[in-house]
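One chain, chain A, appears in both complexes that follow, with chain B as partner in the first and chain C in the second.
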Partner chain A sequence: MNVEILHRPANTAAKITLDPNEECTSEGGAMIAMSGDMRVATAVNRHTGSLGRTILTGVSRQIAREGYFLNTFTAGPSGGDLYLGTHLPGDMTMIELTGTTTLKVQSGAFVAHEQGVAMGIVWEGLKSMFSGERLIWLEMRGTGKVLINAFGMIYPIHVDGEYVVDTGNIAAYEATLDYSVTKAGGSWVSSFLGGEGLVARFSGRGTVWCQTHADRVFGSRLTPHLKPRKEK
Partner chain B sequence: MDRNKTDYPYTVSGAPDYGMITVTIPRGKTLRVEHGAMAFMDSSVEMHTKAGGGLGRMLSGEGLFINEFTAPEADAEIGIAPPIPGDVDHMYLENDGMFLQSAAFVASAPEISVDARFEGFRGFFSGEGLFLMKCEGTGDLWFNTFGGIIEIDVTDTYVVDTGHVVAFSDTLSYEVQPVGGLKSLFLSGEGLVSRFSGSGTIWIQTKKSPAFVRWANSYRRVQSKKEK
Partner chain C sequence: MAESGAMQSMSAELTMQAVPNGGIVSALGKRMFGGESFFVSRFTNTTSRTLRVTIAQDIPGDIVEMPLHHGEEVVLQRGAYLGHAGDVQLKAAWAGFISWFSGEGLVHLRARSESTGTVYFGAYGAIIKRRIEEELKVDDGHLVAYDPALTLKVSLSGGLFASVFGGEGFVTRVIGTGDVYIQTRSVRGLAAWLNPKFR
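On to the complex of A and B.
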């Protein structure tokens, strides 16, 4: 699987080139175009499990705003191309997993992963809720490429020791890092008056991928300018 | 079809996010421009508004009127900024034709005929307009997209999400169909796609407006029944 990212950072699409019979799994609705002989299978889970587990996986993915179903694309006997896009203007980045690290991806940021990658769902607990991040994160393990997207531009930060990142802007991070949610300034008053509120203090060694913008923040700025909906 | 040939020297700036074209109209020549897309021009340029294309054009959502800009005395410059933020591309048609999605037309040489073609229920079921613009003849043609443009050369078959189709050579034929089996039709989130076959080029856009509108819609305030 070869990934070429086009038209960064505002109008990004990814061109994925697959070898003969190679597979790529993407979130539902991400496909823009593909070779004519590409096969598509829609499923809750690529690996078959018990019915209960399958439903649970789908439901948790729904809560994680990733959609219930995933599409697995399989290239034909001579290989093929697959173009994936995002719903909102924004960036994409490709992260290569080597088998040793686990990647945590903010729900909503997942676009696609290679055959050798397994995707799970993790509950990040209350710190996640207080920090304005999503409660549920996706966990990627295995070997292969993972494609993520975000509203705004994605930029990596290599952490060795400690680093502070604004909450709400974390797209993904390596699980060799841990974070705690703390106040931004010296006191709680200055943290909130300064508009920064809570921040994520990362510690350890690894990479955090941040996004320059959060769609929720932009969306809420649009609210006063949008025509209200009638209550039903 | 030739991308490099042109009768109107032009430059593209701001692409792929805010693409704008600056065209030099040679003396005595005329350029046809989508109404409302002119951003600036030399004061010597004369503008005429024409009702072109008739009813089909109006129904296709492109508007009934089109503007023609003429440089009567000397070569003159005109800047064209399409209303949708995105990319712009150019082709020089050589006695051949291409189809444009109805909102994609930006400008052309007057020798190019632009007709709205009723695509019937194929268009209806795909959620796109019922019309495509058929551009034919010999001369320059510019078109724009929402988001970046990706050009795909098709030699056999290619599948494109219908909402991402911007333009395609008239040598290609297409069918609207579900992406996979019945399960994929309802559950894959991909819905109906266009399957192109033959040999030619497809231009696709990286964004589609319905997706953006759906997102923005979720940020609308809910007005309670008591409010007026």
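On to the complex of A and C.
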């Protein structure tokens, strides 16, 4: 699987080239165009066993805003390609997993992953709830490429020691890092008066991918300006 | 010549005239079925100096400048046409129920030049130019323009289950050999994100 990211940062699309019979799994609705002989299979999860577990996986992915179903694209006998895009203006980035690290991805940021990668869903617990962020994160393990997207641009920060990121601007991070939700400034008063509120303080060694804008924040800015439709 | 309303700025010495979009009947057809305006603007430079006009589209996105020579033709999907210069004939052509079915309208535009001309068309998002050798499937609402040598067919993106639940719905099968222009975003996709925000 070869990934070429085109037209960054606002109009980004990814061109994915697959070898013969190679597979790539994407979120539903991301496909813009594909080779004529590409096969598409829709499933909740290709590797879960029991029905109960399958439903649970789908529902939690629904809560994670990634949609109940995933599409798996399989190239034909001579290989093929596939263009993936998103609805909103924004960036994409490709992260290569080497099998040793786990990648945590903000729910909603996932676009696609290579065959050797397994996607799980994790509950981040109360620290995530207090920070006003999502409770559920996606966890990528295995070996292969992962494609993520964000509303706004994505930039990596290599952390060695400590680094502070606004809780709304984390797109993904390596699980070699841990974070705690804390105040941004020296005191709680200055943190809130300064408008930063809660931030994530990362510690350890690894990479965090930040996004310059968050669609949720933009959406909440937009909503008060939208006029309700008249009841008919 | 430019789509009505596309002019952003121009030299004050230019003459601008609103003319029906390629004859009254043809203009009516384009207006009613092709999603284009009845009138287009014609800019004429009657001076001996070089003057400038700037045209732009309503939506943020790329514009393609496509030279056409000696019988070359391009098919533009609904709303993609922005303007042209030199010898370019625009014809509203029957796109077929297939096109209507995929939400692109019953009529599309064919731009053709007998000698030399340039046509400008735009999209929402970036435009990817792609050479097709056999077949490419393009998602609904992402096709902008294509070589008339290519034929279009509508099909489900996968099986019935995959198409309904996989979020891809219908796709347009573009078959043959030629260039196709696709846009990286779709206005319908933006609307799908916006709609839940209305309370």
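Some notes on this structure:
As a convention for this text, the second predicted complex is superposed on the first by the 226 of 232 C-alpha atoms of A that agree within 3 Å, B and C clash if a C-alpha of one lies under 4 Å from a C-alpha of the other, contacts with A are read in each partner's own complex, and residues count from 1 in each chain.
Everything that follows uses one rule, which is that a residue touches a chain if its C-beta (ideal position, glycine included) is under 8 Å from a C-beta of that chain, and two chains touch if they have at least 3 such contacts.
Note that the coordinates shown come from a computational prediction; the quantities given were computed from them, not determined experimentally.
Overlap between chain B and chain C is detected when the two structures are superposed via chain A. Using the contact criterion defined above for the overlaid structures, shared-chain residue A:Leu6 touches chain B and also reaches chain C. Legend: residue contacts after superposition of the two complexes on their common chain; A:Ile16 is shown touching neither chain B nor chain C.
Using the contact criterion defined above for the overlaid structures, shared-chain residue A:Arg229 touches chain B and also reaches chain C. After overlaying the two complexes on the shared chain, residue contacts for A:Asp37 are found with chain B and with chain C alike.
In the superposition on chain A, A:His87 makes contact with both chain B and chain C.
Residues 6-7, 10-13, 15, 27-42, 67-69, 71, 83, 85, 87-89, 215, 219, 222-223, 226, 228-229 of chain A are contacted both by chain B in one complex and by chain C in the other. Residue ranges of chain C in contact with chain A, taken from their complex: 60-62, 125-126, 128, 130, 134-139, 142, 157-159, 161-162, 165-168, 171, 173, 175, 182, 184-186, 189-190, 192-194, 197-199.
By the touch criterion stated above, chain A contacts chain B in their complex at residues 6-7, 10-13, 15, 27-42, 67-69, 71, 81, 83, 85, 87-89, 215, 219-220, 222-224, 226-231. For chain B in complex with chain A, the residues that touch the partner chain are 16-17, 86-87, 147-148, 150, 152, 156-161, 164, 179-180, 183-184, 187-190, 195-197, 202, 204, 206-207, 211-212, 214-225. Chain A makes touch with chain C in their complex at residues 6-7, 10-13, 15, 27-42, 67-69, 71, 83, 85-89, 215, 219, 222-223, 226, 228-229.
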